[in-house]
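Two complexes are shown next, each including subunit A; its partner changes from subunit B in the first to subunit C in the second.
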Partner chain A sequence: MSTTFLPCGEYHQSYHEDHAWWQTKFIKGKMILLMLVLFGGIPYMADSYWISVCNQVGYTVLGALGVQLLIGFCGQVTLGHAAFLAVGAYTSTLLILEFPWPKFFLDLGLAYPISILAAAVVAGVWSVLFGLPSAKVKGFYLILTTMAAQFVTVDFVITQYISQIGGRGQAFSLPPGTIKIGPWVIDSDLKIYYMMLVLVILLVAAVVNLLRSRVGRAWVAIRDNDISAEVMGINVVQYKLFAFFVAGFIGGVAGAFWISNLAAISPEHFPWFWSLWLVGVILIGGVGSIHGTIFGSIFMVVVMELLQMAVIPLASSYPKLLMDFLFIKEAAFGLAICAFMVFEPNGLAYRWWQAKNYFNLWPFSY
Partner chain B sequence: MPHGDKAIGVKAEDAQEFPKDLTIPKLFHQQAKRYGKDRVAMREKEFGIWRPITWQDYLDNVKYLALGLIKLGLQEGDKVAMIGDNRPEGLMAEMAALCARGVGVWLFQDCLMDEVRYIIDHSDAKFVFGEGQEEVDKTLSIIKDCPKLKKIIWDDPKGLRQYHQECLISLRDVQDLGRELEKEKPHLFEELINKGHGEEIALLFYTSGTTALPKGALLSHHNMLSMGKHLMEVDPCQDSDDYVSYLPFAWIGEQMMSISCGLQMGYTLNFPEAPETAQANIREIGPHVMFAPPRMYEQMTRTVQVKYLDATWLKRTFYQFATWVGYRVADMKFAKKPVPFYWQALHGLVYATVQKKLKDNLGMSRVRNAYTGGAAMGPDHFRFFHSLGVNLKQIYGQTEVAGISVVHRRGDIKFDTVGTPIPGTEVRINQDGEILTRSPSVFQGYYKNPEATAKTLIDGWLYSGDKGFIDDDGHLVVFDRTKDVFTLKDGRPFAPQYLETRLKFSPYIKDGWVIGDKRDYLSAVMCIDYAVVSNWADQRKLNYTSYQELSQMPEVYDLVEKQIRQANKDLPDLAKVRKFTNLYKEFDADDDELTRTRKLRRAFVEKRYKEIVDALYTQNDSVHIDTLIKYEDGRQAHIVTDMRIVSIAN
Partner chain C sequence: MGGTTAIKADDVLLDLKDIHMYFGKVAALSGVSLQVRKGDIHSVIGPNGAGKTVMMNIINGLYRPQKGEIRFKGQLINNIRPYQRASLGMARTFQKVEVFGGMTVLDNIRLGRHIHFKSGILSGAIYAGRVAREEIEHRRFIEEEIIDLLEIEHIRHKPVGMLPYGLQKRVELGRALALEPELLILDEPLAGLNLEETEDMARFVIDVNEDKRWKVTCLLVEHDMGVVMDLSHQVFVLNFGNMIMNGTPQEVQNNPQVIKAYLGEEDMYATRR
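== the complex of A and B ==
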């Protein structure tokens, strides 16, 4: 049954209506308003700095979406997601830099879009490879095998071999003008912002659609109890691997997107800490919630920015603060996770749900 | 007209002409042809969605069912009994019986075996439509006592796989028989419908009866349709309206809304998923028109009050303020005084902040007219709904006028009256103070009971057995059932129902029974609301194991006393409850204490609880009980307890 709060007098005569996205006029209005703010309001109001913060949020959302899918909806704990972001980023970069594109492809600005798609597929396949152990192992052991993905991919394959392609050494630099979609050269934060918005909306929509289909129900069944899922006729291994594929696919898109924001990419952009960070994002946002992915990303990025803003004025008197900022950031991250685990284990999404319910149930409490 | 009495209403001859040969099947056929596949006739909630049934589906189902019944041997005037929940199939069965020129008989689903046997046997029913296994079991166990019963038709196969009795047949099979018959005689269905005349009997309706065995009232097509038409003249509905059908079809009010009015207006009937989900399902649909006995509205009020008690401080404050404003404005409207603009502005404000959501919560957002009838409703409840801006109207009627005869008009609502007669209806009071009604809807007599018919139906006037009077505004005031009216110590008449409904406004009180006819003072036997009081007790960490124990706790007595003091307020001294006791159980229709429509059977309880009544008029402070109680499945339990008696001083 529909989980949307429906006002009196709104009812469904078919399952099609029952599973519709925006079921009431109020919600439709709300969403249109949100789109106006995202596409018009924020670019109009925010300066280049805040736009770049938004881009950071979008990147986090894209990264965390795959983690959310695996952990929150399919129950497969992963601690190596940055590897797939890296695969995406490197695939896209290599395709742009090394692939012998026909001239008209470059003129039409198709190289980057095609490379994003290719990056997604390669990262997806790569992810399935590291998802294979999930057929046998669960929980804690799966964490270790996914961590293996991180170390094998980034620290070994990419650092030792991929980075050597073309003999550039550690980093691939992207000359200005190479990141081009159609006639638009992605060369400013605002353009990255719009690209980020389109990608986030497309991928979130795709994931939400998957989740309300047979596939999504199978994932949730596996998450809740894999044995009963199997008893009900779900091919558990196949669906788990598909979850890994989709998560890797989204990660690949995220990585390929992020190169537009970087002048040069190197393995340091995808440390193991980033994998952990993405798990932290969904823990704080709320496990098993698409809203949670977005809230968690906003929270983490904005809190870190605020922290930075707080540190800078103090830096003149305590220069050590600035030098050790990385450690402060990590400490704050740890503290935030601990605080959420203790005070709000269901994450920000639950708070959001509570706030909505407070008004939906008005003037009562249940 | 006998001399010396007052009459209100419009004679049938002066009201709008209504074709006498129109029958329910004819109207059904017209409407189904008119709306066809484009409009939804009924919806049933199944597996989470409201499955629509178009008029064309409705017509097809009824057609084959009717022909199937003919094939099974239904003759003109044969009775077809129906028992089951409110479902589209139930209504289709009824319509099919009428189309096949049979007569419909509805039974309450929770009828005990004896009642089922009595009604099926007395009505000479040839077919029984039972919903599923429960109904089939009931009917199978009495079939040997009812020789006229030929077939039992079921439609829910759950649990029926191992039933191989000859007399059982499924609804689908009956429809298949109908399809075969249609091939032989393609126009039979239309011919059957066209043969009908409005004066023929359509339904045989068993009245619940607060006193004796149920009596079967015969209602013609014209009775039903004219009643519906006249009500709709007062409060028109549209074919785009929604109505939720969840009260038993064996209650005339539901027939009136689903058939008499529903068919004429063509609005959509919505059937809830299960009886337990009715309230939630009403909220989803948001009906435009509602008709329910007072207990449904009392239940809603109770829910609101309990939820209010459990809400947070801010919400409670908003609610209190909104109610205060709502009551003030409602009272001005009741008094027909103009509402000053600042009150209007304030009302608009609280409407937007609280009452709109509250109405949404109750499923009353879209209600244009809400009716209550069948029993008395307390003024407190009435004011409560009007303070929310729900247009709640009192109506008065009985099975014998095919539904209702008197209703409030918009903007002319007085909560101690039931309003004025609907078009074509005359109402007068005779010398004894009894309410008499004459209209085209007055029934044709009781089935196989000429004595009762002769007593009730005299010169076309229906003698209701209710006491009442007509007030200065021409509104009918129904006092109570004649035999229930009390005489107080000072000789004044007093309607105990009035006090009982006031007591029931408290969320903690489920039922109250006020005693004191020709006695020194009034006393009351109270039934607490188990759900609410147990919640209250849990919050105070009181220990109890059962209703019986909870009801006898001193804290609960204090609580009930507080509620009685509230109800006693503003009443003359003699009309105040002076002593009360908490009953060890709730009143129950299965114990014959209530009718199936939850009216208290006063004479019966007075006999049954004689020792309690006697103890209330002695100096004793407790009464010893040693009794048997009967459960729905026939089990009995032995109860030994002491009930405290508490006096309420001024």
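== the complex of A and C ==
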């Protein structure tokens, strides 16, 4: 899954062209069309319900991006990523609620953007802390140490201590109007949608850029063969921690973004199941693929929504379906992962690549 | 000629002095000394289990010997990590290919230049200006110096894991060369190659060693005696952790002890040709 197919008669004449993101006019056109749909089409067509579904997709993309970076590109299996989302969300919330912002900052709507950045950095550092065992342990053992991140962070530190700050009890509520970027108060699904789009595009672009430069190559090298990576001059421990930092950073942004969608945050928003869910997203989308992260997120969120829509009309005759929907959702999640592991271990991204190839090579099959 | 002490101190690139390496009670190397002269192809031969690969792992830092000194360019490197040795100018290939299977050929070779790239997390994420220029500069080097030399133009965008073994070996050599090393450790570069691939690989080793552009000192571990005797300036013979001798290929071939321990009957390596 590497290079772009060039149409007959079109050749690259410089390395610059070969390094470009969008290499042909056709692809550029396609991407512009995609942007138009994202920024204009969807907000115009969709009602507020589907916009909120899109926001859910965006949140999942942001969360899964860090997991993808760690598992798919650096080979460090993680099962506690929700912890870093939580750290991001709580850092941002606490900064907004408790930090003595000068009036000037609040008027300009800088508090929230700054808190997002701060949340990202704090989550990144927190993630590095739990990435330290990766210097010594690999694979299954690392799964356990990253799970520790989840339990230590969410179930212990946040529930027991952070939640007590300000004496609010379990949940921190965010008064309307506190989430403000510049002149815009983020108070509707549509505004959250636009903010989500900007963040997703920025972070996906950053990760893709990293992957085609020095740091990202080192990550992939560590994933493929850590001994020869070290022999080729990569400080393996340092680069693993870089990966944990960037993954935590993205997780922090995701968490800080998501508070705009929540009236109140509590530890229950970041259960261990959500960490597992994010791993499921990249398994279904395709491990080691940015496309996979996005497709996986869309698939998981949209399938669950469709499931819900299917259950509602049945609920009148089988009320238990609605009552136990949470369990149905989890069962569907497990089933989807089993099915993908058996029938398409390379995930949706591979199917996408196959489909693209089919059209690129048409009318030939090879 | 040929003895371990005959080399001028300035010319010594790599100097192993009295290396002892134990795994538990097993002595993998007992008191091995080796001097590699700048510009040479220095071969290490010996029967299976003689400790050749252990020796290579010690040289590039994957193992640390319990006793002995390793000097590279005059500097004591006993306590230097493998990745730091890479930036000192040491590169290696492995006996069983250890390429990055999921990366393309080009990315594998780019990774070999890791120590020459400068970008970090932030600049890499933005990928503008200097970083983009740097990528193109290195791409030019890789295309013109390495891919052209090793004749792997046709596979440059293929994932290495999907390539046949012979090409993987070639990519691994390319990756090591991309580091622009002063010392290139080749651990059985010819193992598992067919006759034509063997000839190609031997030619690449000579190219890299003799070409004015490269002038890389090679430390070669190999079982193909025909190639070893043709290519090497010096041959070092190892037998179960002990050095038997070090000398020119001619001297080694005529040494009764070497013949007894390793080379065996006269016609053994004649049939390999």
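Convention: the second predicted complex is superposed on the first by the 362 of 366 C-alpha atoms of A that agree within 3 Å, B and C clash if a C-alpha of one lies under 4 Å from a C-alpha of the other, contacts with A are read in each partner's own complex, and residues count from 1 in each chain.
What we mean here is this: contacts are C-beta pairs under 8 Å (C-beta built on N, C-alpha and C of every residue); 3 or more make two chains touch, one makes a residue touch a chain.
Only a predicted model underlies this, so the values are computations on that prediction, with no experimental measurement involved.
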Is subunit A touched at more residues by subunit B or by subunit C? C
Contacts for A:A221 in the overlay, against subunit B (first) and subunit C (second): which applies, first, second, both or neither? second
Under the stated touch criterion, which partner chain does A:L6 make contact with: subunit B (first), subunit C (second), both, or neither? first
Please work out whether A:L326 is in contact with subunit B alone, subunit C alone, both, or neither, and reply first, second, both or neither. neither
A:F364 in the overlay: touching subunit B, subunit C, both, or neither? Say first, second, both or neither. first
With the two complexes superposed on chain A, say which partner A:M309 touches: subunit B (first), subunit C (second), both, or neither. neither
When the two structures are overlaid on chain A, which partner does A:Y15 contact: first (subunit B), second (subunit C), both, or neither? both
Residues on subunit A touched by both subunit B and subunit C 2, 15, 18
Residues of subunit A touching subunit B in the complex: 1-2, 6-15, 17-18, 361-366
Which residues of subunit A touch subunit C in the complex? 2-3, 15-16, 18-19, 206-207, 209-210, 212-218, 220-221, 223-225, 227-236, 242, 245-246, 288
Would you mind writing out the residues of subunit C in touch with subunit A in their complex? 60, 62, 81-83, 86-87, 91-92, 94, 98-104, 107, 110-112, 114-115, 117-121, 123-127, 131-132, 135-136, 139-140, 143, 157-159, 175-176, 179
Subunit A-facing residues of subunit B, complex: 40, 43, 48-52, 242, 283-286, 307-308, 310-312, 315-316, 318-319, 322, 354, 357-361, 363-366
